[in-house]
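Scroll down for the structure; my scribbles are underneath it.
Letters A, B, C and D mark the chains as written, and numbering starts fresh at 1 in each.
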Amino acid sequence: MGESTVYANIAVYVVEGLLVFFIVYKIISARRGRQLFIRRIPGLSALDEAVGRATEMGRPMLFTPGLSGLSIIGLQAMAIMSHIVKRAAKYGTRVIVPTADPLLYTVAEEVAKDAYNAEGVPEQFNPEDIRYLSDNQFAWASGVVGTLHREKVATAFYFGYYAAESLILTENGQMVGAIQIAGTPTTTQIPFFLASCDYTIIGDEYYAASAYLSREPTLLGSLVGQDYGKLTMIALIIVGAIAVTLGALYPDWTVVHWMQSHFLKYFQRGVG
Amino acid sequence: MVTWIAKNAPAITIWCAALSTFAIYSVLYAENRFYRFFEHIFIGLATGYGVYATWAQILGPKWWDPMVKQGQWYWAFAAVVGSMFYFMYSRKHAWISRVIFGLFMGLAAGGMFREFYELYFPQIGSSMKPIAGHGMSVWDSLNVVVFYVILLACMSYFFFSFDHKNAATKKTAAAGRWFLMIGFGAIFGATVMGRMTLFIGRFNFLINDWGPQVKIAWATLPFKIVIGLAVVWLIVALIRRTKPPKAKIAIEE
Amino acid sequence: MGQSLHHIWTWLAMPRHGLALAVFIIGALGIGALFLGILCSVPARFRKGIVMAVTFIGGLYLSLEFLVPYKNVHTGKYPLTEVMPTVANLEIVIGCFALLLGIWNLFQIHGKTLMKFGKDWYNSAIFFLTFFSIAILGFLRDKGVHGTPEMFSILFSGFLLSLQSTTFSLIAFYIVSAAYRAFRIRSAEAGFMMVAATIIMLALVPVGALLTAWLPETGFLSAFRLERIGYWILTSPNMAAQRAIAFGVAVGALATGLRIWLSLERGSFFDRQL
Amino acid sequence: MNIFTRLQTIDRRVLYLLIALVITVPLLVRPGRHPRVKFNEVRNAYKTISNVPKDKLVIISITWGPGTTAENGPQTEVMMRHLFQRGVKFAVVSWDQAGNELSYEIGKKLEKEMGKKYGVDWVHLGYRVYYPQVVFRGMAQNFQKVMEYDKFHTPLSKLPAVSGVKTSKDIGAVIEITPSGTLELWIAYFNGPYRIPLIYCPTAVMAAEAYPYIDSGQINGMLNGVIGAAQYEALIGMQNAKTDAAATSWALSAAHIFIILLIVVGNLGYLATKRAARGGNGGGR
């Protein structure tokens, strides 16, 4: 058990330092007012479409942040919710929000109220539509299922953290014929959303979606910084791949030895 | 009474478990009161057990005992700090809970540097695969190429600050989305297995544990009467269901 | 000076018993209450700063421990790492106090229904009944009261375990009806996913191996045995795709951590007046 | 309504009944035959456990509860059985409240069956709250101080199996049995920094996500759901024992075939109606 394995080494300083620099730099420059570009996420145009459909049909919409608690995932779900509520307020369509976390519930209430205020229709805000059902996964899920059926929901949005109950929700959503749009960073649930929803925002797109919709400089900046971070990782991998290929073909070259002792060794894991 | 329960506990447990199982499965036919009732039993028990376990296994031996039995009085401060969580229920002083949440969020966030190093450095390293070399067959090389193509295409799909107007980046990202589908398909295929296993677990219980109990009980007359009544009730309930229902509030799942 | 400070410290940390213990504990609680009282009266403009500072300090500990390992030259040890067990115990105990947070909401909801004798009041009644009975039986069981272990196990194994695993297993049924009804090949993408899923489903269970058992076990054709194809998909294309996702998560987690640690996050929740 | 539309609208209750039947038959027959195929990661798990020195402790970490007993239970049982067989001491720690009791029961059952003794051959450390970062690192620094007592509040110093365990150097391997995302924390705070082998026993849902870690050697072996447990059973010489895992693997076979058939039938109906709709007035979505 060498010390270098338990604590940071030079490679950590360089690589992580670079990533931290990109992220923090981009956040700061975005907050100073610099315009940053984020590409359009395909599923997002569907959001407005779906709000329109619910309006046409005169039926309410459902938005759930899933099991998210008061975490980054949950708060970004709130950003997306705020966008949807604003759109809905414009057309006078109801949005029902069942939550599973007592802490996030209080936040959701505030966010919805703010959204109606922002659209100038504070009287449309109905506290009954923001609901705390249960913090038990399946008790919550069966509550949402009940809402889907009773309220004859026209459009359902699922954004946030989801676990095994995802399928129960979307399956019932299909039964009532709702348009369904989902977005989650939980990889294991994406297949079910993909198969049973009309649009699915997958993996990291979720964060991009909330940044795109909220136009929040911190989120946008962070996202752009992360892109540079990922580029750094790709560059590392490509250089490494060339080095190991050379090493495999010409083990005697000095360059190969130098690469091994100054670069590759930091990324290798001793076994057991 | 207590002695009787204690004596017959294993059998009672199995019967209760079977009853719970049927109560929950009844929702597959339609949402009903029986199910609702057992759901509340579930929530009550889960919460109550949580309180018990937290005290008996952690707060008791790690906080109360050192403080009261071993005289380490300063553990009392832990209760003060812990009480800060509960300020979230006060409208006026809710911010105090933010302090302690901040502390815990900070503690969790502080691990990011180590986590990145321990989790992803080895992964970056194992992504540096030689494309060719001594002892590598054509298939091996091809496999590595497949790896790189998929890795880079999928990663490019998750770049957001570059416009996908350029044909090359657009195609790569589109390919990335396709490759991601393989990963999702793999998760889906494995998930079916997982979910089925859970159901099989319940069946195993009904067949292996409950089955023998039914056999024992079947020998007694009262049991036969109870079963007979239950069957009649079930049939009546089903017939009534097929009639046009009254204003129903229950969820039609 | 340092010497006397050390003396006070050891005197304070000494274990107490009997009346002295009670006095010390009450004293500590009193000081704690005073501290909370002071916090309550902190003017609004300082509050955000305090939260930011506490968050930063919380994050600083583990960051420093890893990034700038300070080594005591005399003992050859790392002080920040050495105190890890103590910090761990503190975090465990304090964290435990948070576990009751959700219960408050449940008590409110069911208490209200019960008070009003509202619709389905019996559900709320059974909630309270089961909540208290399992908690109390648990403690009685640990005290060794006659008959309680059995009664506890009826509630625990008979109801709790069985209810939870049955509820979970409901998804098995949903996955069947969903597979049948929802998993339609609406697009090429969905088709791609279905094909991968089908192969993996067969490869994972013994029947998959039987289906292609007629292919040789070695040689070129063996690569086409279902379990081999499935395993190849899992370990090659799937692995690469999952790693791509993981790398995205990696950078994302670092960014999230930084935003929390440095209190850079903005938005409805973080901007609210404290 | 033609045959295809009808194929698309089978009542879901019929499906539920069918799947119940499909699964029951193998369970009633209970074939003892274990899967012949063994995945590499299962073999590697077996090799890793076989190489743990007998004077070191293995930690079995339980993160599962009743919901996933059917998957994680057999995994726990087979890992404990192998450790008992080899005579390697192990400590079970549960981060789930109910898993605490469940894993203890499994240990108790095997202990009786294999003639082992609690406290000497194994211990159960009870339920602990999941605040793993500092807890894991602290455990590696000072096992006794962080773990302190077992399930029955007996101090660790009085339990021969663990009384000698001081730091990470005395720990031979960690077996993480879990239905949720706890893997990364073990790697980042325990197995990674101290180079301790890690065996990962996830539910099947999570297995696909773990392959990058297997490729990089951060996970030394994996049991993929209940199938992994069945394969492992075959490795420790239980090829013909009529275990739950074996019966389950055949019930799963039947269920998988049934579901694939359903997907095919559903899609046939879908394609047919889509074609019909195109010929007619379109619509639908």
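In this section, a contact is a pair of C-beta atoms (placed from the backbone, for glycine too) under 8 Å apart; a residue touches a chain by one contact, two chains touch by 3 or more.
A quick note: this is a predicted structure, and the numbers were derived from the prediction, not measured.
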Q. Among the chain pairs here, which one is joined by the most contacts?
A. B-C
Q. Could you state the distance in Å from the CA-based centre of chain C to that of chain D?
A. 18
Q: Please report how many Å separate the Cα centroid of chain B from that of chain D, as a whole number.
A: 14
Q.
Two-or-more-chain contact residues of chain B, please, as numbers and ranges.
A. 27-28, 39, 42-43, 46, 49-50, 53-54, 58, 62, 88, 107-108, 111, 113-117, 119, 122-123, 125-127, 148, 151-152, 155, 158, 180-181, 183-188, 190-193, 195-196, 198-199, 201-202
Q: Return the residues of chain D touching two or more other chains; collapse runs of consecutive numbers into ranges.
A: 16, 19, 67-70, 98, 128-129, 133-134, 192-193, 204-205, 208-209, 212, 215-218, 224-225, 227, 252, 256, 259
(Q) Two-or-more-chain contact residues of chain C, please, as numbers and ranges. (A) 62, 66-67, 81, 89, 91-92, 95-96, 99, 101-102, 104, 106, 156, 160-162, 164-165, 167-173, 175, 177, 179, 181, 183, 189-190, 193-194, 197-198, 200-201, 204-205, 234, 238-239, 242-243, 245-248, 250, 254, 256, 258, 260
Q.
Quick check of your reading of the touch definition: is the inter-chain graph here a line, ring, star, complete or other?
A. complete
**Q.** Contact set on chain C toward chain A in their complex
**A.** 66-69, 78, 81, 101-102, 104-106, 109, 167-168, 170-171, 174-175, 177-178, 181-183, 189-190, 193, 197, 242, 245, 247-252, 254-256, 258-260, 262, 264-270, 272
Q: Quick one: which bits of chain B touch chain C in the complex? Just the residue numbers, please.
A: 2-3, 5-6, 9, 12-18, 20-21, 23-25, 27-28, 36-56, 58-59, 62-63, 67-68, 70-86, 88-89, 93-96, 98-100, 102-117, 119-120, 123, 127, 143, 146-148, 150-155, 157-158, 176-186, 188-193, 195-196, 198-199, 201-202, 205
Q: Can you check the complex and tell me which residues of chain D touch chain B?
A: 13, 16, 19-20, 23-24, 27-28, 67-71, 73, 97-98, 100, 126-129, 133-134, 148-149, 151, 153, 184, 187-189, 192-193, 203-205, 207-209, 212-213, 215-218, 224-227, 244, 247-248, 251-252, 255-256, 259
Q | Touch list for chain B against partner chain D, complex | A | 28-29, 49-50, 53-54, 57-58, 60-62, 107-108, 111, 114-115, 118-119, 122-123, 125-126, 183, 186-187, 190-204, 207
Q: Going by the contact rule at the top, pick out the chain B residues touching chain A in the complex.
A: 27, 31, 39, 42-43, 46, 88, 101, 113, 116-117, 121-122, 124-134, 136, 148, 151-152, 155, 158-164, 180-181, 183-185, 187-188, 191, 195, 251-253
